[in-house]
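Scroll down for the structure; my scribbles are underneath it.
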């Protein structure tokens, strides 16, 4: 049971319709499936909320896949023997909500999280059908866990990257858990206090609902209006009425 | 003329209605009015776009006002002789769009920017009429200038703070200008290349329009729906139907 | 009694000589003297260690002084009515050890800390008698306190600034305390667990001794050798043997 | 020719003895050898200076090696099929000077750099013969390249990690190159201006010499004095005279 009584009641009593929305939960743990991930533990809350309100939920651990290092859409065209990214990015683009989870190591997000973002960034030359950057019209958030320190610092970098790439970031779109300073139990460990932490539960709940609300608004609006933010038109120069796709870069 | 031909044309040809929206541009320069601020120079672009499309624009330099250090809503109640914040925060709350501008010093946002955010944070115990944090329903962005390095790092911290406090962050809500690494001309200096920089102009334009689009959507929706994110109800415990305001903290 | 038995015993049994060293402890709290500062509480440990081993210790809260915003050595020459900095920087330059303490607000160091660093940076055009940047030959560290999250992020920025300005950063030169995620007691509050936290006490102790060791080594060596790092000679061009001070900038 | 006339002259005319010192240059590019790395281009300067003054230099690109994700010394004991780290860390420990180089992606250090630091951190339970953390007595620095923005932010994180793990950070131990804001030529590209950039060349030179000076001082002193910073003694409790190695953790 990932949800407590309050969280369950919110799902049950909602009058909002979140149908036809989808979410991808990306857990950037350093541990391959099925090893226990504390970040996965905390991500159970948004996952359960999303599922309870009818959102289609997919999950992924980048560390399970051979994602090649690099900043091109397909690194097999640049010397990599294998590259799972071209397949994985389709799942990213299928989702209205992208939730990145990361553990903290030495105060920083995981290397898996950085690699995932590097590959998101690798697509930044591509545009959607409106001529906006590819990720426009979607919402992003992040969940961070550690046993010590660094939730906000990791969230700063993750949320920055998401909005820079075109995601909309709802209010309070970051949530996390850490224990007291110094080594100690991690989220799922006995006695951590994590699953009972009211502050963490509240923030994780608010984040989940705010991702839902903004995803709903953007979906209903057909994304972010395609005016003033079209890369194709900008590159075509001042003649906005007759954009020249040849000038795209 | 803050706007070039493309930027002006976008404003002229728009079919979107941005009436009844207001914006506050906060320039966290270290220089008091009327000293020349490079950050102000770059902020002329969003200012002009907002004005051209009918948004009411206000401007403020925190350094012009005696904002007391501290994290309470009114520091005169905690020993400060004067405190401009209680008056200034009203202007923040009057604005649908909050755009923070900051120069970079040693790779970090200005101390004035940090103080301004500390005081925004000082209000975090207060709720709006829906029981959400006070800043919900508004959008935030940032503009960063320097002569060397640090736009993204400063933007990370500023945008993080804004979303954490309740602002929605639109896609590509950060823009900035820096020159080549090392000392050199600042944005408004002759030969800086800043005002002609296509990358900076594009990002500043896209940011401005995305702030407008999301502000419009949120304004028309009456803010972020008040469900799943109500501090008053959360604190009231699992009985969501009968929230007890006495339990607020 | 700031020191526990172990910390006291280390001081008592030392065979190292730290005479003729001085330390400046700068507490960048937002609270003026004599208001209670949690950061001051934790800084009692390095203060006591330094004093016990014979180092001359000075303390300062920037918030007690009218330090003008800006990035020049004396802001009264640039329009400020008063500026405490020219006097305060003398105390900085008198110290072999500079320890910056800061509270955390929204995951960031205080605005007072940023202002202090901006003014340290304001001196960066000046050189010492070897032609190195002014702060060479000194060591720096930092202490961070909060009730929630952000010790490492704040330390990253503070230590970066110090080394960039010429300070040497010893091993494990950062220490701090935070409680479990979310609001809660601060360091000096009853039941915080801060003063008893073994991890914090150990790191604070190690930091103190490492500052002492490196300060001793640098003092005995007459600072960092003046070769390969002389701004005056670099600016004089390739003729290293006949540097031309006229070319300094 | 990595060195210009000034840099070469400094090496030639030195009177300092840097014999019996070794340096490891770790290039955290995303590109495997022998693909062209801009970061490698800039790292040619410290490499050449070190070699010219008689320091033994080794180089490594983590991306060339199957370093397993994780935070244990040997991940093959935790499910990984292969793990190059146990072999690579020996090369780290053989070096008096560790210089980390990283490219910038979206304002952050590379995922390869994060992975390398995660594995450095994985050794943090181990102590040297004095009972200090393993990396004590060594010096660290960093070199950052990008075409746009982020040198200081990346340096903050890298240098923080190094000092936290036991490295001493000399003055001005970071150097880097970026072009004007926005996409543009990278360091080694024609017309980048990088190799001719006086600011970058100066900082890279000063960094190299400061790494040499501090490495020399620490080597001659037999590392950082083993007093006040011994993990084994701290864990043994207040009886400093009879530390109990059983209590180590």
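Labels A, B, C and D are assigned to the chains in the order they are written; within every chain, residues are numbered from 1.
One rule holds for everything that comes next: a contact is a pair of C-beta atoms (placed from the backbone, for glycine too) under 8 Å apart; a residue touches a chain by one contact, two chains touch by 3 or more.
Keep in mind that what you see is a predicted model, and the values were worked out from it rather than measured.
Between chain B and chain D, the least number of touch steps comes to 1. Simply put, of C-D and B-C, more C-beta pairs touch at C-D. Look at the CA centroids: the one farthest from the centroid of chain B belongs to D. With centres defined as mean CA coordinates, chain D is found 23 Å away from chain C. One finds 32 Å separating the Cα centroids of chain B and chain C.
Shown for chain C are the residues that touch two or more other chains, namely 106-107, 152, 156-157, 160, 164. By the touch criterion stated above, chain A contacts chain C in their complex at residues 106-107, 149-153, 156, 176-183, 193, 197-200. The touching residues of chain A, when paired with chain B in their complex, are 4-6, 9-10, 13-16, 49, 132-133, 135-136, 152, 155-157, 159-160, 163-174, 202, 205-206, 208-210, 212-214, 217-218, 221, 224-225, 227-229, 231, 234, 237-238, 240-241.
Residue ranges of chain A in contact with chain D, taken from their complex: 30-32, 35, 63, 69-71, 79, 105-112, 114-115, 117-118, 121, 157, 160-161, 164.
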